[in-house]
Amino acid sequence: MSIKVLYFAWVRERVGKAEEQIEPPADVETVGQLMAWLARKGEHYAYAFANPKVIRAAIDRSHARAEARIEGANEIAFFPPMTGG
Amino acid sequence: MSIKVLYFAWVRERVGKAEEQIEPPADVETVGQLMAWLARKGEHYAYAFANPKVIRAAIDRSHARAEARIEGANEIAFFPPMTGG
Amino acid sequence: MTTSIRLQHEPIDIAAEVAKLAGARSDVGAVVTFTGICRSDEDGAAITALTLEYYQGMAEAEIARHVDEARARWPLLGVLVIHRYGRITPGENIVLVATASRHRQAAFAAAEFLMDYLKTRAPFWKQVETADATAWVEAKTADDAAAERWSAPPPRRDAAK
Amino acid sequence: MTTSIRLQHEPIDIAAEVAKLAGARSDVGAVVTFTGICRSDEDGAAITALTLEYYQGMAEAEIARHVDEARARWPLLGVLVIHRYGRITPGENIVLVATASRHRQAAFAAAEFLMDYLKTRAPFWKQVETADATAWVEAKTADDAAAERWSAPPPRRDAAK
């Protein structure tokens, strides 16, 4: 499964890129598991995802919890709590 | 005691004037008693003050209840409930 | 703290007034405006015009008292209240309330508070002109209820940030 | 019902936008605007600029969802949401929310609702630039609490008149 992943704000700065295409293994089934998998991709990722509790996610542009299943997702985004307005 | 009395909106229209100087007798002590006294001044006044419950009053430009004492007042106003804004 | 209270017959230049309110300060983070506009109908009947009568002297004093009360309740950096009187036709503005603060909750709450009080306590009376009649607008119990809610203790200041 | 949602880098021409919102309709009796402005200080430190990053595609969709929700809750005649992105200096506007309705309570409530949601759910992130550092603004628990209050059942429509 190939998924487009987007990073925003300090997650983007720590990972060192704004987006990439990833192919997680089949046993990565949820948003939380995807964060854990990404954290193992290298030093920058480990830093970005060191505290997954403070990271929010969206699947196909809708807010998603850590338990949300990623099957069928085209685009998953990770970012800090929002500070708009 | 000479008091300036002001009338607004439909109270003004019914009384037929916007203001006048009055000299109520000494036994007229409250706003409510003043309305009753005014109601006896003639047909227009009787019409204007027929239902004193719906008329609001101000003594010297501050809202006042029917029980408020008028002693020392310079200016008393009568008007319907307000509809500004 | 900038405070401006004005009664005028002329239409309100809302953009210019609001620019003046926030313009001079660099600590303003939130500006809320309320504009009341003369609608073209009331309860289904077409309106030709509204005529606003007011109690000169008392209206200014009442509004000033309410602005002081708003300043005591919320950390405001600016308050503007402009109310028109005289004949006003549909589409024209009637009243502008603008509040400025560091944070949005104070600005929103103060603007609502001032409007609720203007509706129920400020000595203004509206007369509606339709094609074949004129009538004084009756006070609404919903407006009294809206004003009543401010009788409760004010919110804690730290909750308003 | 006029709805306009826009993300832009350019400063917001508030007067022109609000005029467009209410201008065409004769049944609008109340317009509420909220303008968010870049302050010159944050927690006592002087700000050089704010930079706003956003999630293109999701931000528009999130705002549209919240506008739909506001329309379902209150009898609105117009809603406008404009949010800027990119580098913004102190004194400049950041966001404009404007709501139009027949009556004031609906316009006030909808504008507050939209701002509370923009603060907590719309995918925007602010970075603060001071003389010697840049830092991402942290989300405030007070904003979450403000957004939470809309989870309660909406007010009855007849109470909002």
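Order of writing sets the chain letters: A, B, C and D. Residues in each chain are counted from 1.
Quick note on the criterion: a contact is a pair of C-beta atoms (placed from the backbone, for glycine too) under 8 Å apart; a residue touches a chain by one contact, two chains touch by 3 or more.
Keep in mind the model is a prediction, meaning the values are calculated, not measured.
J.: Determine, using the mean of C-alpha atoms as each chain's centre, which chain is farthest from subunit C.
T.: A
J.: CA centre of subunit C versus CA centre of subunit D: separation in Å?
T.: One centre to the other, that is 21 Å.
J.: With chain centres taken as the means of their Cα atoms, state the distance from subunit A to subunit D in Å.
T.: Centre-to-centre distance between subunit A and subunit D: 27 Å.
J.: Using CA atom averages as chain centres, what separation in Å is found between subunit A and subunit C?
T.: Distance between chain centres: 47 Å.
J.: Provide the list of subunit C residues touching at least two other chains, using ranges where the numbers run on.
T.: 36, 104, 115, in rising order.
J.: Which subunit A residues sit where two or more other chains touch them?
T.: Within subunit A, the residues that touch at least two other chains are 85.
J.: Which chain pairs here would you call touching?
T.: Going through each pair of chains, those in contact are A-D, B-C, C-D.
J.: Taking the touch rule as given, give the residues of subunit C at its contact with subunit D in the complex, in rising order.
T.: These residues of subunit C touch subunit D: 14-15, 18, 22, 26-41, 90-91, 102, 104-105, 107-108, 111-112, 115, 142, 145-146, 159, 161.
J.: For subunit B, which residues count as touching subunit C in their complex?
T.: Against subunit C, the touching part of subunit B is residues 6, 8-10, 12, 58, 61-63, 77, 79-85.
J.: Can you list the subunit D residues touching subunit A in their complex?
T.: Touch residues, subunit D against subunit A: 36, 52-55, 57-59, 61-62, 83, 94-95, 115, 118-127, 136-139, 143.
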